[in-house]
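I have a structure I would like to understand better, so I am pasting it below and will then ask my questions one at a time.
As written, the chains take the letters A, B, C and D, and residue 1 is the first residue of each chain.
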Amino acid sequence: MKRFTGIYTPIATPFLRDGSLDEPSLRSNVAKWMATSLTGLVVLGSNGEAASLDDDECDRIVDIVREGVPQDRPLIAGTGRESTRATIAATQRAADAGADAALVRTPSFFKPQMTSDAFVRHYTEVADASPIPVLLYNVTLYTGVNLLPDAVERLATHPNIVGMKESGGDIAQIADFVGRTPEDFTVLAGSATTLVHALYAGCDGAVLALAALAPDACQRMLLLVKERRLDEANALQRELLPLARSVGGLYGVPGLKAALDLLGYAGGEPRPPLRSVSSKIIELLSEQLGSLGLISSSLR
Amino acid sequence: MKRFTGIYTPIATPFLRDGSLDEPSLRSNVAKWMATSLTGLVVLGSNGEAASLDDDECDRIVDIVREGVPQDRPLIAGTGRESTRATIAATQRAADAGADAALVRTPSFFKPQMTSDAFVRHYTEVADASPIPVLLYNVTLYTGVNLLPDAVERLATHPNIVGMKESGGDIAQIADFVGRTPEDFTVLAGSATTLVHALYAGCDGAVLALAALAPDACQRMLLLVKERRLDEANALQRELLPLARSVGGLYGVPGLKAALDLLGYAGGEPRPPLRSVSSKIIELLSEQLGSLGLISSSLR
Amino acid sequence: MKRFTGIYTPIATPFLRDGSLDEPSLRSNVAKWMATSLTGLVVLGSNGEAASLDDDECDRIVDIVREGVPQDRPLIAGTGRESTRATIAATQRAADAGADAALVRTPSFFKPQMTSDAFVRHYTEVADASPIPVLLYNVTLYTGVNLLPDAVERLATHPNIVGMKESGGDIAQIADFVGRTPEDFTVLAGSATTLVHALYAGCDGAVLALAALAPDACQRMLLLVKERRLDEANALQRELLPLARSVGGLYGVPGLKAALDLLGYAGGEPRPPLRSVSSKIIELLSEQLGSLGLISSSLR
Amino acid sequence: MKRFTGIYTPIATPFLRDGSLDEPSLRSNVAKWMATSLTGLVVLGSNGEAASLDDDECDRIVDIVREGVPQDRPLIAGTGRESTRATIAATQRAADAGADAALVRTPSFFKPQMTSDAFVRHYTEVADASPIPVLLYNVTLYTGVNLLPDAVERLATHPNIVGMKESGGDIAQIADFVGRTPEDFTVLAGSATTLVHALYAGCDGAVLALAALAPDACQRMLLLVKERRLDEANALQRELLPLARSVGGLYGVPGLKAALDLLGYAGGEPRPPLRSVSSKIIELLSEQLGSLGLISSSLR
């Protein structure tokens, strides 16, 4: 049986003025998302600024979010680290704190050595040791390495590796992931700018920053593709494109946080060296949210 | 006055069978290097597998190495992290443990946001807070981002930023760093395959994995360029090229560790997902070391 | 009304032993293709080795092929050159020889100067002067430049620019071409490895080397997408993938010519510096053609 | 004995208002260059817009320029084409018209097939057939392919292949060309922004657009390196850098032609799709020429 299908969002991590974790805001954000059509949440993803958090903060975040996410809605935690041993430790801690699955980003520092063989060994050891199901996570934009279909094909046979998230927009590669993995292996799209194309190619859902802002539209896209309403799905994709670009690679985490602020969530400032977006970009985001009906014109 | 000129090596980190830090081997390696012509050591660099070490290990390593490096030989510690606050904390800990300078790798996870402005703010805050001099560190092969001359030019005016290490082989960029920074700003080369060209362009020295194996040859290169003996310098570069490639990008840390084993240092296994090189590559390294006279043929 | 929808193949150019044009083989190949389900033919495309033909040969080829292609089946001729004036001249000659439309590859030699503005001026002047409709042609794999959606959007308003061929596999860009051009602007896919995804994104057909070998399968793909039979379409794409890769970037024109030989067409040797593929690749192509039922096992 | 050492410029091709070749201007330009310290001229290079010229124009240009270049100063003609047979034909025509050597750009259209083996066969056939010595020509910026050291090493043994021009700025690759070819094989640099570094690495001279504007400075650079005056050479390189960038990749042929106009040569408009640079860039070029003392301030 396929698990973890649906629409997820990799939630942002709010900080206080002094730069430390803003726990109350995190709780209230989660409560708001739980009132939406989102299937579940991903914590400690790229958009959660996991790369800039220390281990104690990571543990605390999983704790807090698990309290706000009911058991029947999946909570996935990012646990990738550069070394296999640190990844295993982080995965075990996330499991202890109640995560339903671990989303494990490829190690990437030693790029020339990150071959398919290295990835297969790394993920196999992590999955062997993990108390919870493992999802592979390929995010070339941020890591500079690519988890290739041949590695995924080999890893998909591991009983504790149940799926993957592919954040890139190479549809041929996504189709290859779908075509070379078993029926019960979940492939989740991670790029909102190519969402509809990834779904046509066979993805079972998506983990999208955009879904934090427009969960209904993302769920609707899933439905339109399921019902083979291609014209409507393509039209919806075109509508979503400007905002999808803004909170994707273009303005990144700072863009997502500014958009969250505009929607009444606690976005706030990212952790340096990331900085808040300019007021001009906030205005652009406001227009994009408005044209999708996500904020009323009176609020703009 | 220019500081930190000369030839340094970014030392490897030896591990025990169980994967933990091998402190005695680290001590004995340092003692051996201190008996060579090396100017000083860099700990917690890319070749030290810093990306795969936790903070406690990092602190311990600086402590141990400082004990073995006399005060009149520079000890530089890698302290780069993804967030500015974690970088500052790591830098302060390295200073407490006795490092003479901090080599601060660019943050790199959020690549599209890592603009020159972001780098200038990051390094300025780190240098403001650091008790010891800061060296910028650009290593695009591993980070996927590039610290551009315009950012370096702006940062070189900071009183606590005294130099940089550039690990790439783009000589025009290196010449730009030299040309656009003050006389007392140290530019160190990080690529052994282009060492002679970087020195012609004005570098004041180098931080090289190769220097752990062939310190005399690296010091000789510095001298040949100083004395304008270009034909000899170019010939030496050609001689060093095969080994330089092997312990550079080609076989990386596993290659360096295998070469150290061959020379009687404690290299050992890298921390997974890195793996030891094959016996075929060990043989190749042995030949390359032999042809440079670094191991006698009887040992091969 | 949309023109030039359907499935086309960019025909190979057969040569005699002495390297000159093999006119009888060209005629017999065309006759064979005219007996298939292909919508029409493209001559002097990348796969026709246009880059290696002189102007006289180009003129002769259009003449010969036009004789073999009835007026109710479209004949499109590649007429791109590096200079605007040479492109206009080639287009006029192709029109004189009876081509129904000109497929005009982007100029690409002076890459840094090939901006959207430069492309808009180039294509506008060509379209102004052309007696026949113009199709834009973007083939980044071979040219190293990319014709961006903003340029296409501007050019699509020209009354004599009726469509385009995009040979790349970036589906988001293809969707952008479809979304930003008028209803009657034809977008043709040029990459067989991503054919189904390009059709989902709204392409009206394709110009494919693969279609020279498997015209029925390509036409069937068009139908499956039209009828929204996504599972069958995705399955067909997976079936076609190995051969699509072989006669695409992997073995290129030499691969296509070897496959044509296997199917009883006159493929022959490409013009040097291209060389025939090895016997090992011929065997592989034979297997791939066989597994698609394009050659019987007795022939293999 | 090494041939073709020294400083050459790849001359621009002037056009009349109607777009045809401006023969009188070409003659007068050549006469002016013959009054400078330039070693010789290259016609039909990238900067000569060879890609946009037809064969008749090419022949005419070699004829005219040969008349203006005395026999004791080398005239090199670009003769590269996409096919081997067309390259041979162009080389024979250039030899007939009096060129002293042929500069043969790599074919590049079918990029995935342009392997070292393909290049070796292409150049061997061309050199076998050529009545004049052949120089290899690697210009990755414009071709998108790279002629690697292993191919050059093999080709350098051919008696009729006497040298090469490398237009890129990868100094390690240039050093490899020098190190792996015989003593009498000439390596010419083609990038003015890295000229000094290429000379340190062992280049015997250069073919530079910059040399059309600043021949004395380029000759002086050659001398400074020969005399091992590295500080002066590096300083001169820094001085030349802004103009070198402008007439290199940045503004390309249009930039070079505008600079020629400013110096009293006949530059004029490039052939479309290339267009003249803006007045703002002309002003910048004027400043750059002025600060090098190439035009007096009264002329600016």
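Note that in this section a residue touches a chain if its C-beta (ideal position, glycine included) is under 8 Å from a C-beta of that chain, and two chains touch if they have at least 3 such contacts.
Computed from a predicted model, the values in this text were never measured in an experiment.
Listed by label, the chains that touch subunit B and also subunit D number zero. As for how the two copies subunit A and subunit B face one another, over half of their interface residue numbers coincide.
Each chain gets a centre from the mean of its Cα atoms; for subunit A and subunit C, those two points are 39 Å apart. Centres computed as Cα averages put subunit C at a distance of 35 Å from subunit D.
Subunit A and subunit D have CA centres that are 51 Å apart. Annotation for subunit B: no residues touch 2 or more other chains. Taken pairwise by the contact criterion, the protein chains form one closed cycle in which every chain touches exactly two others. Pairwise chain contacts in this structure: A-B, A-C, B-D, C-D.
On the subunit B side of its complex with subunit D, the touching residues are 169-172, 175, 178-179, 193-194, 196-197, 200-202, 228, 230, 234, 237-238.
Across the interface of their complex, subunit A is touched by residues 19, 46, 51-54, 82-86, 107, 109-114, 118-119, 121-122, 125, 141-144, 249-250, 252-254, 271-275 of subunit B.
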